[in-house]
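Scroll down for the structure; my scribbles are underneath it.
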Amino acid sequence: MNLIEYHAKRLFGQHGIPVPAGELAYTPEEARTIAERLGGGTVVVKAQVLTGGRGKAGGVKLAHNPDEAEARARDILGLDIKGFTVHKVLVDPGVVIQDEIYLAILLDRAARRPMIMASAAGGMDIEAVAEETPEKIIKVHINPQIGVRTFHSTYIASRMALPQELWGQFHNVVTNLYDCFISNDASLTEINPLIIDGDGNLMAVDGKMTIDDNGLARHPELAELREADAETASEREARKHGINFIQLDGNIGCMVNGAGLAMTSMDVIKLFGGSPANFLDIGGGAKAEQVTAALRLILSDKNVEAVLINIFGGITRGDEVARGIIAALDQVDTKVPFVVRLAGTNATEGRAILADQNMTTAVTLSEAAQKAIAAAKGRGV
Amino acid sequence: MNLIEYHAKRLFGQHGIPVPAGELAYTPEEARTIAERLGGGTVVVKAQVLTGGRGKAGGVKLAHNPDEAEARARDILGLDIKGFTVHKVLVDPGVVIQDEIYLAILLDRAARRPMIMASAAGGMDIEAVAEETPEKIIKVHINPQIGVRTFHSTYIASRMALPQELWGQFHNVVTNLYDCFISNDASLTEINPLIIDGDGNLMAVDGKMTIDDNGLARHPELAELREADAETASEREARKHGINFIQLDGNIGCMVNGAGLAMTSMDVIKLFGGSPANFLDIGGGAKAEQVTAALRLILSDKNVEAVLINIFGGITRGDEVARGIIAALDQVDTKVPFVVRLAGTNATEGRAILADQNMTTAVTLSEAAQKAIAAAKGRGV
Amino acid sequence: MSILADKNTRVVVQGITGREGSFHTRQMMAYGTSIVAGTNPRKGGQKFDDQVPIFATVREAVEQTGANAAVAFVPPRFAPDAILESADAGIALVVCLTEYIPVLEMVKVRAYLDSTNTRLIGPNCPGLITPEQAKLGIIPGNVVMPGSVGIVSKSGTLTYEVIGALTHKGVGQSTCVGIGGDPIQGTDFIDCLRLFQADDETEQIVLMGEIGGNAEELAAAYIKEHVTKPVYAFIAGRTAPPGRRMGHAGAIVEGNVGTAESKMEALTAAGVVVVDHPDQFADVIS
Amino acid sequence: MSILADKNTRVVVQGITGREGSFHTRQMMAYGTSIVAGTNPRKGGQKFDDQVPIFATVREAVEQTGANAAVAFVPPRFAPDAILESADAGIALVVCLTEYIPVLEMVKVRAYLDSTNTRLIGPNCPGLITPEQAKLGIIPGNVVMPGSVGIVSKSGTLTYEVIGALTHKGVGQSTCVGIGGDPIQGTDFIDCLRLFQADDETEQIVLMGEIGGNAEELAAAYIKEHVTKPVYAFIAGRTAPPGRRMGHAGAIVEGNVGTAESKMEALTAAGVVVVDHPDQFADVIS
């Protein structure tokens, strides 16, 4: 789950990293009030949306006084940035920037460790820096058993040629960012830029943060920060039921257990010339209730002309799935044809439950995919 | 460094382990006051000395009211227990004991880990239990990277057949004792007995604790708890100068660098029929000041009839040692003969400094030991 | 002798009395797996189904039954400790099926396991099965058959799919291992490739990957260097829409790796036969 | 090639600018050791004695000079981190001379090192020397001579004593290792026995123990099982007064091990020649 800049920086601040004292505004008037509260001087008004490229899209503007702050907020609120509508802006005090540093901590799957990434060439073009001059990107893995030590931050500071008088501050920022990363179950914390301000001090001027979805259960306060527009209504509904769902634009609805098998089902549908309407994984050990919810989601998509149900039971049991299908058909009146392929744990029991439902059955995945494509065509004709 | 029961239990209490609410008394009157403050009921008056066997020596007495507390304190204060004079007593409230458990955490050098040791057969005879029924002593090593986990305490509780309703409390005691061990740089924390009291709760009724001397530098508050009679005046003087010194009863004073070489020098003296007056290791990298202090200590022992100086320089330098010897001879007027053996780093420079001091020199340790024995005999005759 | 587990493997089930634990313990026992013990901290001394002794801790199970492998059916909150407990008790092989463990918990567990002799399979995996010998986990016993193909897969149900497709065509397996799809795994493709390469009973290897991460690219490099047995692969997610990425860090770290194309190219370049469809394995192998 | 270090070992000195660090770096260089770098967090970019480059961190030293061994001359407060720093930078061999490190710090460091490929010698040790090849630490270079006796010792100056006595009688050494006398060591007797047993240039082994702990007893058991080369030993502290013991735990754990008698008996029973006096080694060996 991604956090907007404001929430990321608020967490950074709670972990002792210097951040600007800005606040969120939902209306131009609020933006004015905040600008006044910040002293009436220069502020930056920044669109709070979960996408990059805000600057180029006109989502970040300087304002020299509260009047301008209100006007700039009015310009920005309601903008569409890469499909995201701006509903709120961050009003941050203006800062003098002597230098810009890039600093991030993320999980490096290959090394199985958190990794600090830093560069003296911080700012907007950091991806270009990484592409063209990769030696300017400094990487340090952190073994969680020892955490961030002084030698880690010293290595980065030395490689970046950071002035020695800032090494102490820099160590604190790195340590605090690591704490923030670990204690919030983050998979990414990023400061870009970490600036050297007019007084020669470090400050995190922009921030991004991603929280591991599996960690949210133990951070209810973070779970509440989910942005309403980060997911569609269907995706939200799916998440509530513990279902992984991504809407696509094909005509064959898919209900599968397991992400790998779900992707493979889509791959096989495409291989045989069909087009999946969605990715849907009911998860491991799904109960009838989840199956029902999954089918409701699939059937609420008007493009769906056939449904492929592919369940290979392991921890999930065929009889539970079959009961969920029956329950869904009781709730939703549909004429869409179903192709059902049940295998593995309790598949026989499941097939017995569905025996009198007039559904097409299949033994292999190929067969199931081909039958679903045929069913969809038959209906489409 | 060993702590008396009172200080050990105070630290246990600070780490959340239930302990009796007793206090230290230095006079019988103080004992009465404390007994009154504790409610006027039954108390236990316990000698606070750094040795075992207090009970058998009459150092632990029950008192049923403040009058008796004063009387028992009067009995105990001033007692000699295995060479230690009792200068203070602990007055603890009386407790009902349903059962006694043994629980300790110590460093197991062989395993390189802290080890929890526990037994349902707690109380005075735990060493006999270990000897006769070792299977009743439960041992669990703790890897410091994961610390004490529930499964550790559950294993112990299950093996001890502790009633399940106490497992939660027991886990807390174990965890807190481990915290106390780690955060105080202890090499031993021991509760014997850990009782189940009249209300069915756990409480640490007696405690012992040893602090790693190398850890004392970062625990100044603990360093102050050193008992005055835990070391002799000479040993205290030695410690102040960073010298390892143990008084013995022979007639050849030894000054050596390194504990292994110091012990070997004593072994060789004995091998050739002599008798060392002390163990003395000036440590690694000793400066002239320490050498001077060491010689003053040796020469203050009236039994010393010869001094063997055996220095094999590594981090310690021969010239520094020689300068220390000269300085000591300036301060102390002595007729005791010196046998000096300098080798290793800057030995040549050292020998040059001592050249006109009319000291016996030796090349090998055997030679040095034999010459020192001869010198002592010569003087003794 | 196949890899990781065989008929001599002595299994303790952590969480044997839970809903999933009890159901799948019965399935494992029915398959012939030697289930010697179960654990539940509050039920030490009892028996599961009147035959399997339950202990409060894994260490007691090890001391009293000689268990040398563990299968953990434990909720996400308790799973990291369950793994540590087995490692602490000296268990050589721990299979953890649990899904939804916070990834940083697994980072810590995995770093700790590096200092032990314990191998973890999973988490969030279906476990492993050596046909007709031992099943540690939830791979359906009725889809496998003994043979010479070693299977390693990131996916759960997709693994069953592939095994089923092979068995359907009479192609048997030496051992099938689901290593799990979580970012941090106890055992990865390379570990299994090494084991299969060294295993006398394995003649061909099937590797099932999926998009994301760079485990397949690393496996390809390893195969090129160290694996002489024929390897076949499938990558799931060829038609998946590209995910959204947050921040610059991911892009800087992963670049173009992680796509199905990148993985298939790397594997093909390493001499691996990459199929378009799991049903094709049986044809290319036999 | 002797053990642990030879003329190809590339050494970085941690704390090269300190009082001890600079003195002994010059000694090591004078002995011919390949000192390729030093560290001081605040002096990166400078040179030590106009020739050895100083880096802010060990990792920079490794990246720029190919250092593969480190010698740490660092105060107790900073020594644990210095060891971790070298391990983190991938250094294969770290020699830590520092005395007075709190033992629980070393427990943590040692547990961590178990998950790395770094070998630690020490702490509180004189380091090691391979005559005429490399000196990592403070063993005086003028007392050693090349030969076939491998020496391992818990003690510092006693090690010099023994080496000196051997050299005095013309008995040379392959490598001399002072493992340190602290309760927790990076490398123990058994590690060194294993290395000496496998080393072509070592024909006899001298082991110098002292009272306390049970390392000598464990070494005796190992020798009995695994060491075919002749082993000679001396135990210091035969005449030391018994120490005071606190609490029951020590007695329960250690029983009667730890005394000079226990150690000498165990070694003798393992076929080790135990001498009464360090000067006797040369006689029994040659």
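Chains here go by letter, A, B, C and D, matching the order in which they are written, and residues are numbered from 1 within each.
Here is the rule we use: a contact is a pair of C-beta atoms (placed from the backbone, for glycine too) under 8 Å apart; a residue touches a chain by one contact, two chains touch by 3 or more.
Computed from a predicted model, the values in this text were never measured in an experiment.
Note on connectivity: the fewest steps through touching chains from subunit C to subunit D is 1. With every chain reduced to the mean of its CA atoms, the largest distance from subunit C is reached by B. As a whole-number value, the distance joining the C-alpha centres of subunit B and subunit D reads 27 Å.
Per-chain Cα centroids separate subunit B from subunit C by 52 Å. Shared interface positions of subunit D, i.e. residues touching 2 or more other chains, are given as 111-112, 115. Multi-chain contact residues, meaning those touching two or more other chains, occur in subunit A at positions 143, 145.
If the chains shown are joined wherever they touch, the resulting network has some other arrangement, not a path, ring, star or complete graph. Touching pairs of chains, sorted by label, consist of A-C, A-D, B-C, B-D, C-D.
Residue ranges of subunit D in contact with subunit B, taken from their complex: 20, 24, 27, 76-77, 97, 99-104, 107-108, 110-112, 126, 138-140, 143, 153-161, 164-165, 168, 181, 183-184, 208, 210-211, 213-215, 218, 234, 236-241, 246-253, 276-279.
Those residues of subunit D whose C-beta lies close enough to touch subunit A in the complex are 41-42, 44, 55-60, 81, 84-85, 88, 112, 115. Residues 2, 50, 52, 102, 104, 106-110, 112-115, 117, 126-127, 130, 137, 143-145, 182, 185-188, 190, 192, 208, 210, 212, 214-215, 217-218, 246, 248, 256-261, 263-264, 266-271, 276, 279, 283-285, 311-316, 343-345, 364-366 of subunit A are the ones that touch subunit C when the two sit in their complex. Residues of subunit B that touch subunit C in their complex: 143, 145-146, 149-152, 154-155, 157-159, 164, 167. Looking at the complex, you find that subunit C touches subunit D at residues 111-112, 114-115.
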